[in-house]
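Look for chain A in each of the two complexes below; its partner is chain B in the first and chain C in the second.
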Partner chain A sequence: MISLSDIPTKSGFPLTPAMCVFLVAVASAPFWLEAVGLYSYLGIEVAIWILYAMGFNLLFGYAGLHSFGHGAYIGIGAYAFGLFQQNVAVSLWGGLLAAILAATLAGALVATFVAHRRGIYFALMTIAFGQVFWFCAIKLRWLTGGEDGLLGIPRPDMVLGPLRVSLQDNFSLYWFAAGVLGLAVLGMSRLVNAPFGRVLQAIRQNEMRARFAGYDVWRMKWLVFTLSAAIAGLAGGIFAMAQESAYPDIMSLHQSGTIVMMVLVGGGLVSFWGPVLGVLIYFVARDVIGGVTETWLLWFGLMFVVMVMLRPEGAAGLAHVIRSRLARPKAAAPAERSA
Partner chain B sequence: MYDLIPHIVNGLTLGLLFALIALGFTLIVGVMEVINLAHGAFFALGAYFAVAVIGGSWFSGTEFGAWWLGLPLATRYVVALIFGPICAAIAGMVLELCLRPTYGKAPLYGLLLTFGAALVIEELIRVFWGTGEQSLTIPQTINGAFLLGGLIFSKYKFFAAAFAVLAIFLVWLLLERTPYGAIIKAGSHDSEMVRALGYDLSKLRLAVFAFGACLAGLAGITMAPIWGLRPHIGIDVVIPAFLIIVIGGVGSFWGAVAAAMLVGLSVGISGAYAPAWAMLSMYILLILVVGVRARGLLGRKSALEN
Partner chain C sequence: MPLFEARNIQKRFGSRVVLENVSLAVEEGSVHGIMGPNGAGKTTCFHVLTGHHAPDGGTISFDGKDITGLKPHRIARLGISRSFQIMNLFDDTVAVENVILALPEFRVRALNLSRRVFEDRQLIDAALEVLAQVDLADHAWEKASALSYGQRRALEIAVALAARPRIVFLDEPTSGLGAEATRGLASLVKRLRQRYTIVMIEHDMRFLFALADRISVIHWGQVIAESTPDALMANKWVARSALGELA
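Now for the complex of A and B:
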């Protein structure tokens, strides 16, 4: 089995061919989405989930910390954005800042409790904390509106210096989400190729050795958890705008499991771009299989089970294996079995 | 204090039922080192099969169906009590076979696979039984309420608690007083050694998984009349179960029972003061216990920590 560490570091300018393809695809999406039978709202949703999934993969794929309660932070971001609009001021930047801050705080708090854990205990603790947040979202009626959620969250205008752009229609909101996504992905790709990303991978491979090599493992784990919660919060803020509401369902164990499924199906364990593939596969499955049968989750779940059994590296891992087979038709087979 | 008695009784009943769910879970975790997120799905499957057996919906219209529905409810209930857990056990064996490729890999894969399986089983339940709420009818003798010291108690809760105590006792007997139990426990300490002694490890795993799923199915049938039956009950149930495992210490029999009673009591008593927040008390309990003692109340060092 291959892993992320088999991919060489790309230092310097982050505009690799894959990055260019990604940016071009994101930038041109509104022009071909409807031509292939999709709708522009889907674009927003996919952009938000890619942002969320890539932030999650810093924790899941790079640091090897298997959080099963990450839905909490996108939910907190969404609520913070909505509450800021309704109680403080109708402002895009303020709301997004509030979303990031709230999710960062929650993430930092949880990270303080879980950063010295590993493996399944880490997963169990993150589930427990995720459930606490989900439970609070349902029960704090006066703050969050209970099970109905916060309704009527506005889509504030984007104010950039003298520029004022309305984000009311899905088209302009997509451009905004895509812009945020593009910047975030550039930043993340820089980050994972920086020493920080390398240390995260060292922690995943052997935490004790990383500690003996002199790295402050606890602080690194704490930092990556908090960072990934902050990115989830940002995604949550945009999500609240897209949905014009915030509700507790996104914080449930089901949804937290869904993001893990997306990242794993796409191959987040073996590639920086894995989460993108995973999110695309999930939404295509939802819309295509969901259009044929109501039980699409059954088929997606079955596909997931089979994939964990046979190819846990996911779609990106499969692509990697195929590419290496094509490149070295004979030498590839033993190399691939070595792990 | 006197007002609290019904809540304490409620809490103890709940704790015993939680213990029943958690025991199957901890057995599987102990021997297989797999966190089985599909445990709740087996719970649901057991209860749904019991509903099908009691209601006779599969063979309604046939001669056998008419004869079956003519039998007294108590007979049908007893048959369901046997049939439901067996179906859950079969599902458990299928899942164990699917899990085989993940052995020896990171424990994450077992967790993910069982999460996927839970999703699949839940959707299958929706397909076969519909999305609505189902109810499990129980015989007259254990239905209704009785008065004790001026307080009203539900008969069924006492039946369920007694049933849970019996089941827990039988599991204890199996684990502590039979050679099978010795092998199972040895398997959870050192599976390599068990294999070296000539026991078939894959058969042992299959049996343990079936047994754990069977216990979950039994708990499902016992719990369904109290909690109701919805397709997503599996997820609702698996969370308390594994909180209990973590609080009690992974793989520990008495740890699971003690933690289940503790959780049941804290939910019951906090329910007296703030009903809406009752379920939160178990999360707080978890954070308190695990914050102080990472391995849980009676846990020992486990391979899962790595």
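Now for the complex of A and C:
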């Protein structure tokens, strides 16, 4: 049985093979997406959701804190990005910064109330707070535009020193989203094996032991909640650009459940890459099964049920089982390491 | 002055008084045993002394400093370390990481976001050294959940020692161990006593009497006797109330 906390194998090269596969897939996506019958906007959507899901998994998988109200923070990011464009200045970096800041603040506020909880109480409180934000998005018409949301959010040009790149077409926005995702993945892959990440995992495994080892568990939980909200906010900012709007639906309980489902189906509980698989499976199901039948969610739901029953570690766990079956004949691998 | 001192500790859960009046003084460098029948309040006493529960009355001091009511992580950082009666390990990860997580030099970097833990030779060496103290060096890279019962007991102690504590609280270290493993543990405690002050709850009388300098007998939430093992043997009242049941 694998776990998120297995010791990473050493490699002299800073990129792991999984990371290389991921980077190549991300970098080449625009060249084959349409060839396989998909469309380039899908690439942006997938990149945003992977970013969101991986940030969410820091909280859900690594720290073992089961938040069911995480849609709030991607939504807050999207609204903050839109409000910044409409009220302050049309600026990409300013908007994204506003998105991150707003989601960080909201996350920090909620974390202050939920960080001393765990299990069902934590889950219920995150749902409650998620609903509060969703309700605010609908009711504060003067700020959020109510149920219609903010419309006509621009896609500002990307300005990098003397360089100015338009993000108007989906192709260039995809590159931008993929670039942000790539940087975030590099950062997160370091984080989870740095002291911060390992302590989070220790807290997941045994909160009491972590406390008696001298860790301020409350503070660590507060930090990871806030960090994961910040990443959701960043994803939300890009989402607002992709959709050219921000609306309450993204913050609904239903969407908060979707991200949990993605992470579980993909295997976020056992693998860093689980959320990536989960997001891909979800969007393939939506666009491929959805192309055949309107009831695609039914089939996706059934798949989820089967997955949880047969292979609760998700797609990443399944991949691991297949790999180790294939590898078994030649290596009755001793657990020894020459570290 | 004792290194660790608890005075008139009281603890209630609702209307149930678990600790009525417990006082304990532990001299630096000694092994202090705590014994008593099941339900006497021994583990609760440990929970209060190490900060898991705040006492309802009384004071606790360590090294001349009042630590009453401090949170567990604050108490741990002062150099007070403990093991648990019911095994409390980081089960998803290897033995060596269980120890690394408890090293003070690792703890102060808990907020570091970029340095890979398992590329830090020094940390790993420090952890391997602690594992060697409890004879687990050969199992350093096995998952905690895959270790045998006795090895998990030893790892419990290693995690407590990794904090480089000045005082170690061991909650029934022999619990569930066979005769041979218990002998091994006794020789381990003999080695450890040269470096640490130890407070230990123990049911195994032979084990405790051979190792402890002083023993407190707890019954009905009170210390009913406190003395050297030899003197306790001679105390008839104690023999009837606690030793008699257990010996």
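Here is the rule we use: the second predicted complex is superposed on the first by the 319 of 339 C-alpha atoms of A that agree within 3 Å, B and C clash if a C-alpha of one lies under 4 Å from a C-alpha of the other, contacts with A are read in each partner's own complex, and residues count from 1 in each chain.
Definition applied: contacts are C-beta pairs under 8 Å (C-beta built on N, C-alpha and C of every residue); 3 or more make two chains touch, one makes a residue touch a chain.
Given the structure is predicted, the values throughout are model-derived calculations rather than measurements.
**Student:** Based on the shared chain A superposition, would you classify chain B and chain C as clashing or fitting together?
**Tutor:** After superposition on chain A, which the two structures share, chain B sits beside chain C with no clash.
**Student:** Looking at the overlay, does A:220 come into contact with chain B only (first), chain C only (second), both, or neither?
**Tutor:** second
**Student:** So, A:212: does it touch chain B (first), chain C (second), both, or neither?
**Tutor:** second
**Student:** For A:244, using the defined touch cut-off, is the partner it touches chain B, chain C, both, or neither? Pick first, second, both or neither.
**Tutor:** neither
**Student:** Please state, to the nearest 10 degrees, the angle that the Cα centres of chain B and chain C subtend at the Cα centre of chain A after superposition.
**Tutor:** Approximately 80 degrees at the chain A centre.
**Student:** Which partner chains sit in contact with A:309 here, chain B, chain C, both or neither? Use first/second/both/neither.
**Tutor:** first
**Student:** Touching A:196, do we find chain B (first), chain C (second), both, or neither?
**Tutor:** second
**Student:** Determine, under the contact definition given at the top, whether A:301 touches first (chain B), second (chain C), both, or neither.
**Tutor:** In the superposed model, A:301 contacts chain B only, not chain C.
**Student:** Considering only C-alpha atoms, give the closest distance between chain B and chain C in the superposition, rounded to the nearest Å.
**Tutor:** Minimum C-alpha separation, chain B to chain C, in the superposed model is 12 Å.
**Student:** Considering each complex separately, which residues of chain A are in contact with chain B in the first and with chain C in the second?
**Tutor:** Overlap of chain B and chain C footprints on chain A: empty.
**Student:** Would you pull the chain C residues touching chain A in the complex into a rising list?
**Tutor:** Residues 50, 52, 71-73, 76-77, 81-82, 84, 88-94, 97, 100-102, 104, 106-107, 109-119, 124, 141-142, 159, 163.
**Student:** Spell out the part of chain B that touches chain A in their complex, as residue ranges.
**Tutor:** For chain B paired with chain A, touching residues are 35, 98, 101-102, 105-109, 111-113, 115-117, 119-120, 123-124, 126-127, 235, 239, 242-243, 246, 276-277, 279-280, 283, 286-287, 290-291, 294, 304-306.
**Student:** Hey, which residues of chain A end up touching chain C in the complex?
**Tutor:** 3-8, 10, 187, 190-191, 193-199, 201-202, 204-206, 208-217, 220, 223, 335-337, 339
**Student:** Under the touch definition given earlier, write down the residues of chain A that touch chain B in their complex.
**Tutor:** Per the touch definition, chain A meets chain B at residues 66, 68, 113, 117-121, 123-125, 127-129, 131-132, 135-136, 139, 253-254, 257, 260-261, 264, 295, 297-298, 300-302, 304-305, 308-310, 312.
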